[in-house]
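Order of writing sets the labels: A, B and C. Residues in every chain begin at 1.
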Amino acid sequence: MADAAVPRPAADRLRPALRFLGRRLLQALIVMLLVVLLNFSVLQLAPGDMISVLSGSSDMTAEQMVSLRAQYGLDQPWLARLGIYLFNLAQFDLGYSFRNAAPVATVIAERFPTTLILVVASVIVSLTVGTLMGVVAARRAGSLADLVLLAVALVFYATPSFVIAIVLILTFGVTLGWLPIGGLVTVGAGLTGWAWLADLVAHLILPVIALCTFYVAIYARLARASMLEVSSLDYVRTARAKGVPEWRVVYVHALRNALLPLVTMAGLQVSSLIGGAILVETVFGLPGMGRTAYDAIFERDTNLLLGVMFVSALCVVLVSLVVDLLYVLLDPRVSLE
Amino acid sequence: MTSSTRASASAEALPAPLLAVTSLALDADPSSPLIEDLSFTLDRGETLAIVGESGCGKSLTSLAVMQLLPTNLARSARGKIRLDGEDLTRMKPRQLQRLRGDRMAMIFQEPLTALNPVMSVGAQIAEVLRDHRGLSRAVALSRAETLLGMVGIPDPGARLGDHPHQLSGGMRQRVTIAMAMACEPDLIIADEPTTALDVTVQAQILRLLADLQARSGMAMIMITHDLGVVRQVADRMVVMYAGTMVEEGRVADVLTRPHHPYTAGLIAARPSGAFKQDGRKLNDIPGMVPAPSARPAGCLFQPRCAQARPDCAAARPEVAEDAGGTAPRRWRCFHPLNRPEPGEES
Amino acid sequence: MMARTSTLGRFLRHPMGLAGLAILLVAVAMAATANIFFPDGPWKMAGRPILWPGQNPDFPLGTDMMGRDLLAGLLYGARVSLLVGLAAAVASIVAGTVIGAIAGYYPGWIDDALMRFTDAVQTIPSFLAAVVIVGVIGPSVTTVVLSIAVTSWPMIARLVRAEFLRLRKYDFVHACRIMGMSDARIMLTQILPNCLSPIIVASSVLVATAIIVESGLSFLGLGDPNVISWGAIIGAGRSALRVAWYITMLPSVAIVLTVLSLNLIGDALNDVLNPRLRQR
């Protein structure tokens, strides 16, 4: 009862936010450390090190191999190697990619934007489409439209992204010839400005759809359940009782609350989207991180592979941090304490 | 408040009641009627209490008046609900939406769930004004601040940005009242507005409602199961039992000389009444309200009625009326209490 | 427990679950009869390359670019998909249950440490991890199963931990402790049987996910090269997409139907098992 008006000074409100951020950053650091450890143990399980891989494709004398191993510290015991690895990572030195003849960080920085666009576009599209499908289904729960949407979601949920990708290529690329089916831009077209952007978007449409469908299904099912639950709550009736137009009752009062579980879900899905990007980038020949990881495997470029893992995990950790903060903004009931 | 002049002026011009519910009936399916043959009226500036145990159809009645019934029930609704002569049951959704929140408003039982948890209380009040009065955001918010002050919230300016979970139960209910009052409606329906609150806060909220009503001249329907609340705020009362009206009249008349045995039972079951009856135990009414699908033949109350006679089970009593000049009474009983027997009513 | 029969009965009255079960049984039958119908295995170049389905009655589903019978490939592929799916699910259920049970039964630093570890594993993009593990160690059925299990146990661990946290406060657990029962025995014989329902529901989803991951790996050429799998047929058929799209579409349909059947069964199990949970 006694929540009388005592205005809190700004500094007091800021302090829990900072403490929250500090704690979450520490957690993120622990998680990253564990990821690096896992990374490193996979590396130890690999038969032969990178020098023996390199020597297989070039003529190298035994002395050269020994000196190269010494140069990269590969002759040290594993604990020392872990120390070197961690020390280098702390300076964001991800090692050297022999295949690309460039530092891993440089290679990844070059491929990162493609994956970023792909994943961000997929998150936006799948959240929007999935939510709309879920809301429409919930509004007509039990109707034919609801059944059709549920069936579509069920099929999407069961179809791997590369199968969707192939169906899309077959339909829109091969048969109809509407959209480009490979690469990020039309090679040699030398487009600039808006024409370049339009070309880029055209190249991204099919990959984004292929990556999205599975998540569209997840969000549609979740949004439907969430909307059905929220719509029966009192404040939705209150909104109607005060004469709020129906569209705002659904899309402002109900949906904003129904979206909360979807935001959490979307944060968790980013990790799985990055994994899915490998398949989609490979099928569509996009020069992204996933494609890089795939190539690195066949070229036995372990440094590059682990670099991709590290950067991906870092992105996921950062996204989950952002989602936590976003959640506080979206749901005033969640405090930073 | 400008509406008091408007309301009283139009009251003089229009002798017709503000709200007239005629032969309202509702059912989930034809075999289980939820509300049967319910009629009552409400004048401008008047407070009508609708009383009964839970499950007797009080809340459904209020939702029917607001035209907020779930679609399956709304489809079954029969009868007329006229606000200022206009039949709400024939209105298009768009017209109803313009009416709700503007000319009729509602206060719900549980203020925590009745408020949107992710919107600030200021925004929720301002929304009504922006929708119905077309006010700008800034103007609507400053009006919201005035309204919060009016319902007795201290330092209203600082509370505008608060979210419902930051307020106490009493404060939240004050917010929902401010929201309902925003457009100075002609009719306000309060559905058990104090049930979810602490006892000490209950009295404050009732006083606030009575005070606001006196100032604005709005009419109020107070849904409650508490006869104490009825006595405190209402002019007239309707007693409902198993989906229908069993007794209606001025509060003072009904409480002192109840005609229907059910009303008498409710009065006897009051704790405060029990003390006066020299140490006798609390008189509860035996049995329970019958389920909609299991309503008895004849008088609905007859299986629980101490005064029941053979004819009570034979047919369902019609509404009897005593026009009685300034204080008309209506009841639905073959053998009313506190009346000269045998009934000359027909 | 009479609940067992009535649970089965309720499942058998669930139309979607029944449909899922029927599809899954077809997949199992395909896997079981592969070497009866095709004793020579799926690799045999049996006929003319790129025969369309129905073109030659000897090859009802046609042949691939090398003239191998697609029906044989689908039947043998069912073996790999189901085997890998089941094995990966079992492995992650065992790992997840052990970790979740210990975390839930010993709140405090053990729980904290295990959950932090679970968080870290969940942070790793699972398909990327599978690609890395198979790519670095080398493709075989075992590594494929391991690579899937390594990243899919956290979901089970969280679920089991939540159940253990809830159940360990119950009186019957206290009673066992007073009787001097060992922690391991309490966990195994008293608490675990009470959290089987959510594990069963989750396991059907796990199998489905594992089948998708396996098909993705073999599509990329990271499957076991000694066995044929649906994903590998799709990956190989991709080069002939323009001339013979049926080569990629037939195994695709097989994957979708199998995964769909498992999801339907999972939904049905959820419907059937959850009310019982709530009653308890």
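Here is the rule we use: contacts are C-beta pairs under 8 Å (C-beta built on N, C-alpha and C of every residue); 3 or more make two chains touch, one makes a residue touch a chain.
Because the structure is a prediction, the values reported are computed rather than measured.
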Strictly by count of touching C-beta pairs, the top pair is A-C
With centres defined as the mean of C-alpha atoms, identify the chain lying farthest from chain C.
-> B
Separation of the C-alpha centres, chain A versus chain C, in whole Å, is 23
Please compute the C-alpha centroid of chain B, do the same for chain C, then give the distance between them in whole Å.
-> 58
Return the distance between the CA-based centres of chain A and chain B, expressed in whole Å.
-> 54
Using the touch definition up top, name the residues of chain B that touch chain A in the complex.
-> 66, 68, 93, 97-102, 105-106, 108, 110, 113-120, 127-128, 131-132, 154-155, 158-159, 163, 165-171, 176, 179-180, 182, 198, 201
State the interface residues of chain C toward chain A in the complex, per the touch definition above.
-> 116-117, 119-133, 135-138, 208, 212, 215-216, 219-220, 222, 234, 238, 241-242, 245, 248-249, 252, 255-257, 259-260, 263-264
Residues of chain A defined as touching chain C within the complex = 27, 30-31, 34-35, 38, 42-43, 45-47, 154-155, 157-163, 166-167, 169-170, 174, 268, 271-276, 278-279, 282-283, 290, 293-294, 296-298, 302, 305-306, 308-309, 312-313, 316-317, 320
Partner chain B, residues of chain A touching it in the complex | 1-5, 7, 233-235, 237-246, 253, 256-257, 330-333
